[in-house]
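First chain written, first letter: the chains are A, B, C, D, E and F, and each begins at residue 1.
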Amino acid sequence: MSSTREPIQYADASAEVRTVYDDIMATRKTQWINNFWKVLAHDPPTLRRIWANIKEVMGPGALDPLTKELLYVAVSASNGCRYCIASHGTAARNKGMTEMQYSELLAIVGLANETNRLVTALDVAVDPEFLA
Amino acid sequence: MSSTREPIQYADASAEVRTVYDDIMATRKTQWINNFWKVLAHDPPTLRRIWANIKEVMGPGALDPLTKELLYVAVSASNGCRYCIASHGTAARNKGMTEMQYSELLAIVGLANETNRLVTALDVAVDPEFLA
Amino acid sequence: MSSTREPIQYADASAEVRTVYDDIMATRKTQWINNFWKVLAHDPPTLRRIWANIKEVMGPGALDPLTKELLYVAVSASNGCRYCIASHGTAARNKGMTEMQYSELLAIVGLANETNRLVTALDVAVDPEFLA
Amino acid sequence: MSSTREPIQYADASAEVRTVYDDIMATRKTQWINNFWKVLAHDPPTLRRIWANIKEVMGPGALDPLTKELLYVAVSASNGCRYCIASHGTAARNKGMTEMQYSELLAIVGLANETNRLVTALDVAVDPEFLA
Amino acid sequence: MSSTREPIQYADASAEVRTVYDDIMATRKTQWINNFWKVLAHDPPTLRRIWANIKEVMGPGALDPLTKELLYVAVSASNGCRYCIASHGTAARNKGMTEMQYSELLAIVGLANETNRLVTALDVAVDPEFLA
Amino acid sequence: MSSTREPIQYADASAEVRTVYDDIMATRKTQWINNFWKVLAHDPPTLRRIWANIKEVMGPGALDPLTKELLYVAVSASNGCRYCIASHGTAARNKGMTEMQYSELLAIVGLANETNRLVTALDVAVDPEFLA
């Protein structure tokens, strides 16, 4: 038994999986499914559940679509998830992110990781003004 | 010798530290310095250096000021830095972040942390389309 | 001088290293040593020490052997350690983990990472009932 | 505007929130709601979504309920989420986890974090046997 | 059953636990045991095992004792472990760490966390010169 | 648009980038620039800023140059940054780090990650003696 899960293509997918694939393509107005979903497809309930979460969280709301993608990229960059940076980075570029904006995003991710450690290590007390 | 560093108030600060405090207050158009800087002040070169980094990275650029603060809050929330969430959360609210936007930001931080782990654990290959 | 440490094969190992290799194979009832130990073998005291820890912690106890491997896989997946997921995933499969169980394990790892961030970011107070 | 979100009690909750609270209590066969849900209640869609995820992922499946809680506790301990350790630790104890089992779980969490770093730092190549 | 483990004092400890306490005090030439060991004492095998690891890893070797403590503090600061920063920070100060050295250590921890993220997010290829 | 940033060679670099490259080579007394800087060069302000930070933090101070590199390697190993381990590991070797010292460093990184988790999970109270 292998520990690796190969992407499941549409042609090889069960009806249950195809239903999710169809909704991903319809929602994103594309004919293409990226590998993350094709690998998740080995576990149809998780495929369905995670897609439902992404669709709801990344759908229309109080934050505009580009800002949402920027936040997703920033967290993924902070966590070092190479695939997620590539996939959400592409999504952000498709929504208008420029290379200069991406550079600034990375600068913020780096600096926040630096100051987060300094603040925590120095055990800085939260100013009452921030809790007012 | 204590391992804790108490905040250094303006009245007790050296000329070197006051110069940074003055620039923080002038840049932020406020009369107030928060604890992070007052604790960093035990190490004047680091105080000066970190402030210079923050001033440059968070200053005017390709991303608008609110988006920059949202990114800082998101990384800090992902890293669990309570002080940083409080300080940059306040800054974001002062720049217009609504509570609904903050809720959506947290939802993205949480979901990205979930999918980051799934993607990495499943060792999903980056689609060539993302590298085009 | 290279920063990379090549696996040391049994035939090339010192008596000190062979003693650990022999114990690993005897304990696991196998003729095979995986790369982790062969790379650690460049530092015999650490090889001996880490093996002694693994042997004690993963040996018979209050938790059954499969549950112990599942916990090891879950932490490794949460930390994104690809090698550890592969090695302990194989060990778990050898002890009976099914693919459906692995899918559920990954779903828990992902969801815990999501709720861990939400809880910490929202600074939720621990209910007194949990400390009773 | 405060950055802190106070728990919303049942008596003060909207109908939308009460519906989730009712389902939590019915599912868990209890009259009690812990603080995590009461704080999430400031954002009803997230409250509903996260509860639906927890209910599905932690519900009946291929892994028994105690093992699921142990995995949740292990990931939370690895991430240092104090609230999550307390809440899921209590759930695990209610499902039968003994103190000796908890000690062994923590020992595995600690050791996995140690070997995860050694493996990654030494860049150990995955043995082909693990991918077979 | 409580999820909290209270420190076990010497007077209340079993013979097995006292043997470890005695070795800690003899090795460190002190009459005092800090809380970490007193809490671990609820699980005597882990108490004994972790102490044996610390004694070996932090004992005489190729790195001098102060450098070893500095490395321990740096990792703990990077991980945000407040207790570990306090305990190993005190040990480092007792071995000669000055406040200026501590400031420089924290500056390195912060900056490494920044550049670690930039390098990983940008997926920088390792120069062949580093592998020579 | 590609998400990958190729290293920018000296011959292809702008005057602004060359100024930083020149300072790196002069400071390090070498004719060689490693990939990190060549990739950062797509964003000249960040290239300049990060180099200024590295030059100041890693320059002469209260900690000797080898200790500074050891700390950088330790944090990078703890964070799993393969490139940073390779680059700062090479720098540490050039400053005199022996393989035995590197082994001890890794042992400390591993053990600190283990005890950091145990301490945090057990929520050990900081001894008043550490705050004196």
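Everything below uses one rule, namely that a residue touches a chain if its C-beta (ideal position, glycine included) is under 8 Å from a C-beta of that chain, and two chains touch if they have at least 3 such contacts.
Since the structure is predicted, the reported quantities are computational estimates derived from the model, not experimental observations.
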Q: Give me the chains shared as neighbours by chain B and chain F.
A: A, C, D, E
Q: Treat each pair of touching chains as one step and give the shortest count from chain C to chain E.
A: 1
Q. Measuring between mean CA coordinates, which chain is farthest from chain D?
A. F
**Q.** Option reproducing the contacts of A-E, where over half of them reappear, out of B-F, B-C or C-E
**A.** B-C
Q | Between C-D and A-C, the pair joined by more C-beta contacts | A | C-D
**Q.** Farthest chain (mean CA position) relative to chain C
**A.** B
Q) Turning chain C onto chain F with a C-alpha fit: angle in degrees, nearest 5? A) 120
Q. Using mean CA coordinates as chain centres, what's the chain B-chain D distance in Å?
A. 28
(Q) Rounded to a whole Å, what is the gap between the Cα centroids of chain E and chain F? (A) 21
Q. Out of chain B, which residues touch more than one other chain, so two or more?
A. 3-4, 46, 49-50, 53, 57, 78, 80-82, 85-86, 89-90, 100, 103, 106-107, 109-111, 113-116, 118, 120, 122-123, 130-131
Q: Note which residues of chain A are touching chain F in the complex, please.
A: 80, 85-86, 89-90, 93, 99-100, 103, 106-107, 110
**Q.** chain A contact footprint on chain E (complex, rising order)
**A.** 77-78, 80, 82, 85, 106, 109-111, 113-118, 120-123
Q.
Per the contact definition, I'd like the list of chain B residues that touch chain F in the complex.
A. 2-4, 45, 49, 53, 56-57, 130-132
Q: Name, in rising order, each residue of chain F that touches chain E in their complex.
A: 4-5, 7, 32, 34-36, 39-40, 46, 50, 53-54, 57-58, 61-63, 67-68, 70-72, 74-76, 78-79, 81-84, 86-87, 89-90, 98, 100-101, 103-105, 107-109, 111-116, 118-120, 122-127, 129-131
Q: Within their complex, state which residues of chain F touch chain A.
A: 1, 3, 42-43, 46, 49-50, 80-81
